[in-house]
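Below, subunit A partners subunit B and then partners subunit C, in two separate complexes.
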Partner chain A sequence: MSISWPLVIFYVIALLTLCCAVLMLSFRKVIYMALTIGGVFVGCAAVYFLLGADFVGVAQILIYAGAITILIMFAIMLTNHEAAEPPLSWNLKNVASAVGCVLLAVVLLLAVRSTNWPGGGATTDINGGNTNPIVIGLMLFKQYTIPFELVSVLLIVALVGAVILAQDRKEDE
Partner chain B sequence: MANLDMLHQPYWSTMGPMIVVAVAGFVVMILEFVFRRGDRRWLAALSALGVLVALVVAFANWGTGHQGLLQNTVMLDSFSSVFSVLILISAFLVLLLTLDYRGRERLPAEHTYLILFGVVGALAMATATDLVTLYVGLELLSVASYVLVAVRKRSIRSVEGGIKYLLMGAIGSAVLLYGMSFIYGLAGTTNVLQLSTQGAVMLSGYPAITVIGFLFMLIGMGFKLSLVPFHMWTPDVYDGAPTAISSFLATLSKVAAFGMLLRLLVFIFNQSTGPLFYWAGIIAAITMIVGNFAALPQRNMKRLLGFSSVAQAGYTLVPFALFGSSQMNQWPGLFDSISFYLFAYTFMTIGAFAILHIVERAKQSVESDALVGLYRQSPWLAVALSVFVLSLAGMPLTAGFLGKFYIFADTVHMHALWLGIVLFATSVVSFYYYIGWLRKVFQPLPTGAAEWAVAEVAAAAGAPVGPGQGPARSEAGVAGSAADGGSGGSLAVSPVMHVLIALCVIGTLALGIVPAILLHPLGTLQWFY
Partner chain C sequence: MFQYWNPYLLVAIFVVLGVFLPVSSIWVIGPILRPNKPSAAKQTTYESGVDPIGDAHVRYNARYYLFALLFVVFDVETLFLYPWAASFHKLGLFALVEMLIFLFMLVIGLVYAWRKKVLEWN
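Moving on, here comes the complex of A and B:
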């Protein structure tokens, strides 16, 4: 029996990602949480690479692992880097949420496992002979031009909104 | 080889209103950067003008068949026409309402173009027929709303509302995307029209995943529509936001979200029907019951309108639940019911918020006790508020009654009478709290208390109390107008507000007495293609 290396690598990556996620939830200091969420992002990127989605993987590293994690770090350092959550107490609300989450996870897992997913074999080429980034670019600037343009409006709104909320305004009477 | 196909697409006829509003938004934004001083309310007037132009374009496209753009990522069809017109009308009314902010409670001028960009997102939700475009539109509207809620940074409740809305909205978006990802994974396309041909195949081949995808999409939209049990943010956000923004959230963003829900659920799952839509019925019933009963003990009028809008969303969701138990040829009737109810809801809700805004400014309070003596001070406002409130409750001769009646008739026709009974029973409950307002409106002012309240308000604002002070004519202040209002004179109401309230009253009564003015244009539309 030969060992399927991608599968082994997948399990290792999945384990590391899950560890990071659990650690993130159990840490009480914000700065550690930011570090571990970076680990989760990198783990996801590795899964994307394994799936053959190079472009998404690179984008994930650039945007999430790079930009967003660093941004969170800066936000924490510039504001209140000593912030820590109070230790977890098992009150009714927390127990109920935990039970709800576990139930949701069980339902999802059962549904996903019981489904015989559609999909071609390993030889199916949905890209029409092009590489991933080329196809993504073609889609983005042909079929999805309008959402792409709307995203630029969205960025303007986010930018202006951030400035409005962050600037120290003298309330003009 | 230049690809000129992209240039020769029907951009103007499919997304004309969106283009007009987006251009207006950028123009207003640049003007706002250039003119930093003085009274900048003319920016809101300019925005309202832009919305009117877009409305003209949308009317020009009404009922001109259907047309797709760029492989059907955006469509002009009956749904998009009806919802675009309604979104633009409510945007116009909300902008009129923001014109009235002045003096110490002035909103930052940035809110005008944020509203316009939010409207662009709403129009995208109404016209898009692709999951990606729909989602981007939803996010555009949501991000603009988060900022608009928190725009009064000095008010702790405003910021709290903004944060709550941001967090709940983000959860809703995540759940929605998760549901969409399942559907995309099964069908391999994000185009709603292509998905509509595969709905039945998906449900029979992969029942578990399809149900999960449907439910997650419904729940994700439920956060945006404040359906129970995802409604807890609603009263806090409506209470914290400026009144104009509360009315924006209650009407425009709900209308857009209902339009998007219609596209998502009815287009994708149109042949699979049955068990899926039953879930929508359950959520509708819970929403009607909880929304109305939670509103009963509310003293704060904005929170009450928040719960009321939760209940109204429940009523509107009822026709969605009926898609499962009806034949295809009955669907145009359901579309008519949904559209009619949303039109009625828009007029009465914006009207109610407008009067609330006037009362709030005069009395510096949003407790329902502030309504006491309104009839003495301004019979016109009192009558207008009565019209809106009775319409929200569902009194005959108002639009709200007919809207509910059509929905009730649908439930009878389509063998879902239990939903109709819940609708009827909860409407009766809602009469209790709406009539409570009316009792206060027509109650005479207790004489001793009034003077005392006036003196206090005036002193707080630092203005002299003149017993014989004339009508407040200028920015001289809230205090002056409050003093006038309190001592039995008239509330200071700007002409714009009179126009706005008159428009809403006309809309509510006209739809209630001659529903044909809306039903006839709706009836001529071709819903299917």
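Moving on, here comes the complex of A and C:
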């Protein structure tokens, strides 16, 4: 009996990631939620590595597991984080959002299954002989120039917005 | 296939060791070796040898968030610099201009933050 090792490793990673996600939802203290969301980010990065997208995996660890988790932590520390969330109750709002999430998952799954992905499975090299960052660089700076420059606009908006918010806060004190 | 998996096998071994070593030393080997004589003073939170004041769950200054956000912005910038540098030989002058525009936009943000005195710590 031959075992497909990538598949086995995928299921192990998926199980760990889903465990982190379920823990995140079941924890009632926000700081534990922030820690487990870090675990989810690392699990996603492992899936990217498994798919051969090395650069995206590194980016996921660097930006999401590193910077975004820290940002969430700081945001929690600024606010009232001693309060624990009350236990889950099945009211109309929660049921509606649960149904909405399941429907979204079904739609996404159908979309993924019906899309004709280029490359034709694991047999072809999507990087075309180059290393992963080089291919991403060529795509980014030749084909997607405008989106790349828009990223800088997005970053500057986030920065200026945070500065303005922090200034307001300082005047209050 | 083995060629592809080989580097990540090392990463997997590293992760397993990284989890196993601290867990085994804190919860398995440590309790066997160390003496266990707890007292009230030993059980308090360590705060550089001084008696801790108040709760650990204090609210931090909003300034910390700004520094974290600045870090995220320049982290993303560094991330974009890497594929640019890797593929620069195949791209040429146009990519240099593109990256200079990108960097210029972020420098505007940094100068703005600087002028608004959010980088000063007092």
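Criterion: the second predicted complex is superposed on the first by the 143 of 173 C-alpha atoms of A that agree within 3 Å, B and C clash if a C-alpha of one lies under 4 Å from a C-alpha of the other, contacts with A are read in each partner's own complex, and residues count from 1 in each chain.
Here is the rule we use: a contact is a pair of C-beta atoms (placed from the backbone, for glycine too) under 8 Å apart; a residue touches a chain by one contact, two chains touch by 3 or more.
Computed from a prediction, not measured in an experiment: that's the story for all the values here.
Trainee: For A:L108 in the superposed arrangement: first (subunit B), second (subunit C), both or neither?
Mentor: A:L108: touches subunit B, not subunit C.
Trainee: Using the superposition on chain A described above, determine whether A:V153 touches subunit B (first), subunit C (second), both, or neither.
Mentor: Both partners, subunit B and subunit C.
Trainee: With the two structures laid over each other on chain A, which partner does A:Y144 touch: subunit B (first), subunit C (second), both, or neither?
Mentor: A:Y144 sits against subunit B, while subunit C stays out of touch.
Trainee: Could you let me know whether more residues of subunit A are touched by subunit B or by subunit C?
Mentor: If we count touched residues of subunit A for both partners, the winner is C.
Trainee: By the touch definition at the top of the document, which applies to A:W117: first (subunit B), second (subunit C), both, or neither?
Mentor: A:W117 sits against subunit B, while subunit C stays out of touch.
Trainee: So, A:Y11: does it touch subunit B (first), subunit C (second), both, or neither?
Mentor: Touch partners of A:Y11: none, neither subunit B nor subunit C.
Trainee: Quick check for you: in the superposed arrangement, does A:L78 touch first (subunit B), second (subunit C), both or neither?
Mentor: second
Trainee: Find the residues of subunit A that appear in the contact set with subunit B and again in the contact set with subunit C.
Mentor: Shared contact residues on subunit A (touching subunit B in one complex, subunit C in the other): 142, 145, 151, 153, 156, 158, 160, 165, 169.
Trainee: Okay, in this complex, where on subunit A does subunit C touch?
Mentor: Subunit A residues touching subunit C: 5, 49, 52, 55, 59, 62-63, 66-68, 70-71, 74-75, 77-82, 131, 133-138, 140-142, 145, 148-149, 151-153, 155-156, 158-160, 162-163, 165-167, 169-170.
Trainee: Please name which positions on subunit B make contact with subunit A in the complex.
Mentor: 3, 6, 15, 22, 25, 29, 69-71, 73-74, 103-104, 106, 108, 110, 113-114, 117-118, 120-121, 124, 128, 130, 132-133, 136-137, 139-140, 143-144, 146-147, 150-151, 153-154, 162, 185-186, 188, 205-206, 208-209, 212
Trainee: Can you name the residues of subunit A that touch subunit B in the complex?
Mentor: Checking each residue of subunit A against subunit B gives 107-108, 110-112, 114-118, 142-147, 150-151, 153-154, 156-158, 160-161, 164-165, 169, 171-173.
Trainee: Which positions of subunit C touch subunit A when the two form their complex?
Mentor: Answer in residue numbers: 4-5, 8, 55, 57, 59-66, 68-73, 75-77, 79-80, 82-88, 90-91, 94-95, 98-99, 101-102, 105-106, 108-110, 112-113, 116, 118.
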